[in-house]
Amino acid sequence: MYTAAVLGASGYAGGELIRFLDNHIGFEVVFLGANTSAGKTLSSVHPQLSGGERILRTFDPDKVGSADVVFMALPHGASAEPAMAILGSGSKIVDLGSDFRLDTAQRYLDAYGVDHPFPEQLGSWAYGIPELFGEEIASSDRVAAPGCYPTSVVVPLAPLLTDGLIEPDGIIADSMTGASGAGRSSSEALRFGVIDESVAAYKVLEHRHRPEMERVLDTFVDSDVSVLFTPHLVPMQRGILSTVYATPTPGTTLHDVETAFDSVYEASVFVRRVVEPPHTRWVVGSNNLLASFHLDTRTNTLVIVSAIDNLVKGAAGQAVQCANLMFGFEESTGLPAEGWMP
Amino acid sequence: MYTAAVLGASGYAGGELIRFLDNHIGFEVVFLGANTSAGKTLSSVHPQLSGGERILRTFDPDKVGSADVVFMALPHGASAEPAMAILGSGSKIVDLGSDFRLDTAQRYLDAYGVDHPFPEQLGSWAYGIPELFGEEIASSDRVAAPGCYPTSVVVPLAPLLTDGLIEPDGIIADSMTGASGAGRSSSEALRFGVIDESVAAYKVLEHRHRPEMERVLDTFVDSDVSVLFTPHLVPMQRGILSTVYATPTPGTTLHDVETAFDSVYEASVFVRRVVEPPHTRWVVGSNNLLASFHLDTRTNTLVIVSAIDNLVKGAAGQAVQCANLMFGFEESTGLPAEGWMP
Amino acid sequence: MYTAAVLGASGYAGGELIRFLDNHIGFEVVFLGANTSAGKTLSSVHPQLSGGERILRTFDPDKVGSADVVFMALPHGASAEPAMAILGSGSKIVDLGSDFRLDTAQRYLDAYGVDHPFPEQLGSWAYGIPELFGEEIASSDRVAAPGCYPTSVVVPLAPLLTDGLIEPDGIIADSMTGASGAGRSSSEALRFGVIDESVAAYKVLEHRHRPEMERVLDTFVDSDVSVLFTPHLVPMQRGILSTVYATPTPGTTLHDVETAFDSVYEASVFVRRVVEPPHTRWVVGSNNLLASFHLDTRTNTLVIVSAIDNLVKGAAGQAVQCANLMFGFEESTGLPAEGWMP
Amino acid sequence: MYTAAVLGASGYAGGELIRFLDNHIGFEVVFLGANTSAGKTLSSVHPQLSGGERILRTFDPDKVGSADVVFMALPHGASAEPAMAILGSGSKIVDLGSDFRLDTAQRYLDAYGVDHPFPEQLGSWAYGIPELFGEEIASSDRVAAPGCYPTSVVVPLAPLLTDGLIEPDGIIADSMTGASGAGRSSSEALRFGVIDESVAAYKVLEHRHRPEMERVLDTFVDSDVSVLFTPHLVPMQRGILSTVYATPTPGTTLHDVETAFDSVYEASVFVRRVVEPPHTRWVVGSNNLLASFHLDTRTNTLVIVSAIDNLVKGAAGQAVQCANLMFGFEESTGLPAEGWMP
């Protein structure tokens, strides 16, 4: 039994981490970290969890650093400091935030508009999609778990870029997310009166997951990948649906595309191709990713539709999947391969 | 490993049964029964489940009767025939339908307006609330799992009636259910356009769960219990919230009420008292029941608010909980004590 | 054309007031008041309205007091000061808040826990249900528009109390509201993640609309009326459904009840009896109130189900209906008698 | 006062037509047509409307043909027969269906897979976007009101194609609709359990509104327009959001784009440009269309986001807007320029 600390325990991803780890045969949660909720009981922030009498605590590098693994589910920019404070303690780290996902100081500056506080770290963290980077993850003690949108876009595109089946530029990713993707704060934008019965695009041309997608997709092809990314907020709690448009290279058939995808993921428990465009309901609650492929010969465009649960495969589930590899467990240990319906 | 058959596999309760049993250490699903969906793959009706290549089959008494346990998640009135066909085969039965919940032919006639086809069976089935009837369930080979509404109403009221803390008549149960409580048919009443952004009462004074509540509550007190029950349909998938009004007997204090409840359920993994009125979100996805108690001395009325997931504690979860007792497993084996949020 | 000021223009009720008044043949909006939104354009707070270039302004007693009518859609406790500042200016006032709804200083103290700042005003404001208090409203220059819950409960009960068909005590009002009933603030309780796909009771035994119901119902019967009121929040934007339980007096038949209701409201454009329990969808968007009646002879209980749009008949629509009477217009002028579907 | 017949009165668009016409100063509804609901009262299918005692009737060419205007809100393929039966009677027709929207028999065959029954009619019907084809509509007695998706896509694109600011090919329209866009039938696809809390793409590469978009856009530019269209179903009742991607021609600036749009629609009551991407909530309930424009110089792509209410500007509202022109009323007569919030 390995010991685990969860930082950011009061958020949605933190709650899912605790739920998965509490039911995991290999990990025991020994530290629940929080900021404004420090001192509260777990049940006061997560009434749905058992063991609700546990107390949330402020970050303590000694206590956290003595855990075998530290999961960080903190807001953007908040992971770097505590991560550096425990590096060297022997703890392995899975960071669900965006601080260590990019590969260069320049890319970070472009994406976030500020200098990275520890630029020498960039590029040394494994990028946590186990189906694509399993070996790096297994041998690393520092994993940057991907963003929810990038997971939904990178998984179906990677095999196609590797095999040269689509052009690396001109990719358009048009995505929808449920409201939990925006976190758990009491902002005007997250009011029921604003979200329910309405849809909207947001951060058009400006969302920070776009550079992340490009940085990861770049690793599968020689030339630079360019993506135009438009996220939308839709009135539901969980789920991401990404509809991706790419230009097939000359001669590419739908069969080529499907074969490339299938051959990369045939051994995967969680990633699966479907013929009909997937509904997010089919994956919500599970660590699954479903994708369908559609070739429009009329306009020479490949349309890909992929679906995940943003809090599971897009966050807490994938983080535990990484930890499984880092500690020698079966990749799917303690993770749901079955969703909820309805 | 005991073998299990699931009849009514294509419905919502059937899907949850399969999900729980597939992940259970003690049961292996060997037969999936369906009517109109017979011949289809599991994935075509439950795309959220794994093992989707399994085929649904029409009822076959020999095959079903050779399973160690048969779960029946069939529409009202459809359980009696197949149940009788396999009684004597050695299979134990957990019926999630209403056919064997009432205790007398007269009560059945009053509730359903037709004669029961096998009246001699009535009264010989254990009523499947493990926290209240655990011994009968453990020693029985035939269990009638309760309706969702009765579960939410009977669990908090039973200890109060036993201890004489409330009057047995004048009870009002005002309940709300998510749409999954009405099943999975494509009726006008279940259209998104009808349910979304609207609430309504239905079957006012006529819902068949009212006689069931009275029949079960009668077992805890000498005189007849009378309940007025008003169900409402609210725009959500899962969850039941029951707000129950009862008249305290002279001298009853809130402390008496809470103590009576706590002492009956103190050993329960799933039933728990809360101080603030519970949200259904706190229990959805779990086999939990939460209840709060509020005494209005001004009008001499006790107000009880209870919350369950209608498909878990109100159906499939409780059915598996019964089966656990019938086969000697720990009561909570394979059942979620933690819900989903959001 | 009479001039109108709207205080609290940035809220939901304020927005509906502006929409109704902008399309009214008899009123012209000349002042839009706001606190934290003062200085902003109307379109920045109500992008759904036309004339969005109008500017919200802080309260100015001279400017507001020069309007023929002032609508106040302010938070609880915030109406009294501005109302007193303009009384005597010649403006008529319709207050959508709760400050002047109760009739005595003692009742106000009991309900709100503080002394009323201008107790001499209490009892001198007309209570704004036009179908019941039309003459007082027409002849008054100060109208306290009712709360949303009281409207839904008082309208169906009043004729029954007047005719002695139900007992004045032991009334239970079990109500559900959409989230707009809780206003437009960015509180944790109003997050999409909290409200969507969940229901809960709130302010059990403590909601301030209960004393208001009793105070108004008292006017229809000699003895004191007592109500137990339980409000619930359900995942929708608009609509209130109240399920009310009352004890029929000896000899009361369902026909008596329906006749009493029909005879009071036969001339009403907006209040109507239905046979089937109404869905809130049938009234949302309109100024209508629908009610159905169901007599349970088994438990001697009358069940009433009533539905309104909390922002229209429960707030802005009823306020304009009052103003119509105060200024000699037809009661239904400028008000929707047709709802939205879906 | 002109007389009006509404065919398809029991559907959602039919209900909105009746609501608008009942409150219109120039039209009086004299015939309500229905098929399976013939013989029922209006209130039984539209409980939200007043005048609910009116009876729905089967199609009668003499009675319908004696109305000054006939609105047809029928399923695809069902308009042609009744339209031909009343042509020549003197009635003007506004068809909300798709039967007469395309311009050639070949295009119809390509889109619908069957021959048009009256191919000689194709091309002789005005296409009913008043802001673009106002003169043809005003002088025509036969108007084909546009589909909901095409309205949202054509309105923002037309001025850009006219001015040569975007390439006519390579356009991608990625749209979301609320469930009312799929009509009012009790199909599995429209169950609450399927739509609520889930999103999905449907009819990928196959939706019939794509040929309609191309046919209309072709009229604004010399070369052929090609569109790739992906519709999505999202869990809400009303509203369409279209996110459109187009390639700017060399030298095109965002200012050029916005100026072209503004100059075409500056006199419009309903079509308006916004800076921030619009939420569908801002237009629901109104006949408005809002659009925002965003130029990505990095990938040389113009992103357009447009929002309408599919049942108003996308159906019944636009149909009445056309009739206003056909009968010499002000274009906006009887139509809401203000939406609902929330």
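A, B, C and D label the chains in the order they appear, each numbered from 1.
The rule is short, and it goes like this: a residue touches a chain if its C-beta (ideal position, glycine included) is under 8 Å from a C-beta of that chain, and two chains touch if they have at least 3 such contacts.
Keep in mind that this is a model prediction, so the values were computed, not measured.
Could you compare the number of C-beta pairs in contact for C-D with that for B-C and name the larger?
Of C-D and B-C, it is B-C that has more C-beta pairs in contact.
Among the chains, which has its CA centre at the largest distance from chain A's?
C
Between chain B and chain C, what is the gap in Å from one C-alpha centre to the other?
Their C-alpha centroids are separated by 39 Å.
If you average the CA atoms of chain A and of chain C, how many Å lie between those two points?
47
Per the centroid of Cα atoms for each chain, what is the distance between chain C and chain D, given in Å?
37
By residue number and range, which residues of chain A touch two or more other chains?
12, 179-180, 193-194, 196-197, 235-238, 278-279, 281, 284, 342
For the complex, which residues does chain B have touching chain D?
Going by the criterion above, the answer is residues 12, 179-180, 184, 186-188, 190-197, 235-237.
Going by the contact rule set out above, which residues of chain D touch chain C in the complex?
Residue list for chain D touching chain C: 12, 15, 19, 22-23, 46-50, 179-180, 197, 237-238, 278-279, 281-286, 337-342.
Across the complex, what residues on chain C touch chain B?
169-170, 172, 174, 176, 178, 193-194, 196-202, 204-205, 226, 228, 230, 232, 234-239, 241, 243, 245, 277-281, 284, 292, 294, 296, 298-299, 301, 303, 305, 341-342
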